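Next, two complexes with chain A in common: one pairs it with chain B, the other with chain C.
For the complex of A and B:
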């Protein structure tokens, strides 16, 4: 009985952490980009399904081309390189091209115009993905199937979720180190506080903007690539993710890495425990959380920029 | 000894559909001789109602302008998994009719497509009915949407053919005295009572049951009917959990963990579309189906989307006898339809909505042609209503029948076990349950009828 309870709690916690991992990878970029560029880019959420769709195509191509001939280790390395390197790099290249063409003209506009324009971009990206990958669900479970599951009393749990959590912890740690310990990171944070003052020192802020933008997009694409093997992609996902990304932004505070980490963890765990024990609140729970945080601290838990 | 009959009334095989092997492995079956509820449908020979009265009348003027038909279904969002094949089927059916000259061989159909994935479904309906003046509005996949528009259809006197939505609340609550609204597919009653009868007669070793359904009109309605039927039929099972998941949804990890904890013998789920795809994918990875028998009452269409994710032996239904493969290839219309669809779109019509689109459009065309042949005049909309009432015709899914006094078609309940093949997943050991065992008579609401069982 006790063993059963422990395994139940462990699974809920793992569910919460893997949900938090996806949210962190999605929300961090959006939050940093808003913090630094004062650019509220709703379209950021569309890069997650884009990464997943691209990942699915690459996985299918790999499985079709080499199948099981590479063996477990070989195939896993190929999957890992595709999902963790090729997908983020390719999607961030697409993001960079979009930054130069679609987003750059929006930088000086008021928030509400940015919201409307970037929402339009989401819809266009959704249609583009539907055009390329079709309206049917696209899944690529081969990497998760390859890793398999481990047993707990009364249940099994996929290793892929554990891998997702570990990769995200590594990414979060790297980002933390970058922002806290490196010169470029410190400049980036300073720019989030006062962009103009930093530019007076002769630093090329535009180049740093672009770097942060590309990192943000790459993180969202990585989120999609890690999310893919345990789910399937259908059109409309970008619109679902935009709400969650927005929740990370609001709860954590704009432009804060600590905020993104904390908010993702809170949302992930509250969703996992909430939908387990109070399933009727599954849909409302994130909004209740957002409302509660905004009542207590309108700038978000770690936000210092006025919302 | 019970017999199984296909929807055309032909005996498929005598005795019990062979589901012993599967349920035996799961220790659910109580020996041989368990009966399915399938029975004769007692169908009248009425294969093409358009021919009724043919030769004795006709000759009246047929409008020269094309008939304007609005078709509404989800062509975007996660539900497009289901809606897109449905719309493709509608397009194909209308093209075939037009190639033959159109309705009565003379009046072409001008079909326009509309996405159901809009916030203002009522406004969209009003606009199509009043400003755009469509002769007939055919559509709706979402139960919630059809509950909203049904009263408006009656208010406006707009001929409306509901082609896929399932909730029994449509004619039991939202539109109790329908005139211009017809539903040309079976309601959720078919699935829910069918699944309960499956437990009663074939899966008698099931002791614990859980439900996981989408949290909107269709999912709630399904679970209510199923639990009512369990109680009314006196089936000896314990309901250990009932969960309603947001619609649409992509993360089922907590729901699956919770179901793993209660570890039911049988799961009733009316999930469909992208939600069903995600639920099944994630349930597999968390081992939910290892010692639990899930029954997806309206989910067989996802087999075409994720064949690799479908383990052997899951129970699938299709809101009626709609499936391209397995043991269902039992009439020439079915064969033609599957073949045409496959050659047109490069994939088989897994989505039962594709079959429902066929039924809806042909029901409308047949009713116009029947009225014309009987009266000699192209029917007014009130004459069309009279012609639709009691219509019955052969379809790719067998005989489609709208009992006199009802505006709702009844269909047999249909279930089968997933059977992965090299290149696709079939359904094997299919169980048919005749319409009268899973649908209320026209004089009763579904709930009243279930209580009387």
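For the complex of A and C:
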């Protein structure tokens, strides 16, 4: 009985953590880009489905081409390289191209207009994905099947979720190190404070802008690639991810890495416990939480920008 | 003070009567009343114009916030869909099918929602207002989807053809007669009422106060305007009329689902229509709603990827013509006048 309860709690916590992992990868980029570039990009969240779709195509192509001939380790390495390297790199290349064409003209606009224009961009991206991958749900469970699952008293749990959590922790730690310890990270933080002052020192702020932008998009794409093996992707999800990304942004505070981590953990856990004990309110709790945080502290838990 | 404003309005009206624009407006309005009887007009065209008018009501209401108060809302789907759902659920659970009861019910429900979420949201401005509206409105969407035993979940609720003043026009006139003979006029009258009332409100001291707040909230506060309270009033007024638009949409379409009326992307569409038409002009949103529905219906016939087209239009408008179609029209008119006077007023 007690054992049953413990394994139940463990599963909920793991679900919460893997949900938090996706949310963190989704929300951090959007938050950093707003914090550093003062650019509120609604379309950022659409890079997650893009990563997932691209990952699915690559996995299907690999399974079709090499199948079981590579053996367990070989195939796993291929999947890992595809999902963790090829997908983020390809998607951020697309993101970079979009930055040059679609997003650059929006930088000078007011937040309101940025929100609206990027709403237009997300509508375009949603349809472009529908055009390429069709309206049917897409899934690619091969990597998760390959890893299998481990057993707990009374249930089993997929290793892929654990892997997702580990990769995300690694990413979060790297980002933290980047901002706290490296020169480039410190310059980036300084730019968030005063862009112009930094550019007076002769630093090429535009190239740093681009780096932050590309890193943010790569993270969202990685989130999609890791999310896919245990779920399936449909085009409508792009619009749902936007609103979850906002929840991370708002609860954590715009432009704060610590905030994004904390907010993802809170939302992930609330969702995991919510869907286990009160399934009807699962998502509703997230938006109640978002509203509650905004009322008490409009800048979010770790937000520094004044409202 | 009200004395002055009344004269102000009557002077304004007299000036407008001399303006060729208002003559064109009057012709358009007469055309709208005659529309179902024009040669070549069928059910489809009347339905389309009905849609345009329903969305024009909502977009006019949306502009009370965006254009006049300077607040971007990403939560208007809550008012639009709240009203539509109130009507659908009332039909299902009380068996009422009287339009003259259902429409006020829808409008009041939207107003009640606006009282609550508006009160909470106006504590913040700019992005925070937009996001708070988004969160609260999406809460309503999520709850509606999840409570499928009550709301039908993603299947939505059917809205059967209502009686009007106790008369069942569908039974006696058939669908075409009902749509073209009664329902269209109900929507048109709702549209005219909205236009007249909002025009009067926006040209009253109330509207001027809102504009003052939009232009400079700090100064407005300094001269003693309770800014937050006026933003709340504006949200409620916007919510009520958006609800009227939602009610008209519901009875015209005969069925509502969370995805079509409550999802946050519908709020985005209302924002889109308003911006497309031009936020700085009172009549701009009407043009925007018309352009939106026409582009959408044409695009839908060409391709299933019409969202792409809408997104592109929205993007281009904001980048190249933030004042929307009205702004574009005004610039063209100005150019023409300049060319005619060869260097006239401005």
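Methods note: the second predicted complex is superposed on the first by the 306 of 307 C-alpha atoms of A that agree within 3 Å, B and C clash if a C-alpha of one lies under 4 Å from a C-alpha of the other, contacts with A are read in each partner's own complex, and residues count from 1 in each chain.
One rule holds for everything that comes next: a residue touches a chain if its C-beta (ideal position, glycine included) is under 8 Å from a C-beta of that chain, and two chains touch if they have at least 3 such contacts.
Keep in mind the model is a prediction, meaning the values are calculated, not measured.
Aligning the two structures on chain A places chain B and chain C in a clash. In the superposed pair of complexes, A:232 makes contact with chain B only, with no contact to chain C. Applying the stated contact rule after C-alpha superposition, one finds that A:275 touches chain B and leaves chain C untouched.
By the touch criterion defined above, A:246 reaches chain C but does not reach chain B.
Applying the stated contact rule after C-alpha superposition, one finds that A:111 touches chain C and leaves chain B untouched.
When the two structures are aligned on the shared chain, A:121 is found in touch with chain C, with no touch to chain B. By the touch criterion stated above, A:130 is placed in contact with chain B and with chain C alike. Of the two partner chains, chain B is the only one that A:15 touches; chain C does not reach it. Contact with chain C, but none with chain B, is seen for A:291 once the two complexes are overlaid on the shared chain. Shared-chain residue A:283: touches chain B and chain C both.
In the three-chain superposition, chain C clashes with chain B only at 130-138, the remaining stretches of 22-30, 94-102, 130-138 or 256-264 being clear.
Chain A uses residues 126, 130, 280, 282-283 to touch chain B in one structure and chain C in the other.
Taken together, the chain C residues at the contact with chain A in this complex read 72, 74, 120, 123-128, 130-132, 134-136, 138-139, 142-143, 146-147, 263-265, 268, 271-272, 275, 304-308, 310-315, 318-319, 322. Residues 4, 8, 11-12, 15, 18-19, 126, 130, 135-137, 139, 141, 144, 149, 154-158, 160-161, 230-232, 234-237, 240, 271-276, 279-280, 282-283 of chain A touch chain B in their complex.
Of all residues in chain B, only 75-78, 80-81, 83-84, 117, 215, 243-246, 248, 250-251, 253-255, 257-258, 260-261, 263, 273-274, 277-278, 281-282, 285-287, 290, 302, 304-306, 308-309 touch chain A in the complex they form. Only residues 40, 102, 105-106, 109, 111-113, 115-117, 119-128, 130-131, 239, 243, 246-247, 249-250, 280-284, 287-288, 290-291, 294-295, 298, 307 of chain A touch chain C when the two sit together in their complex.
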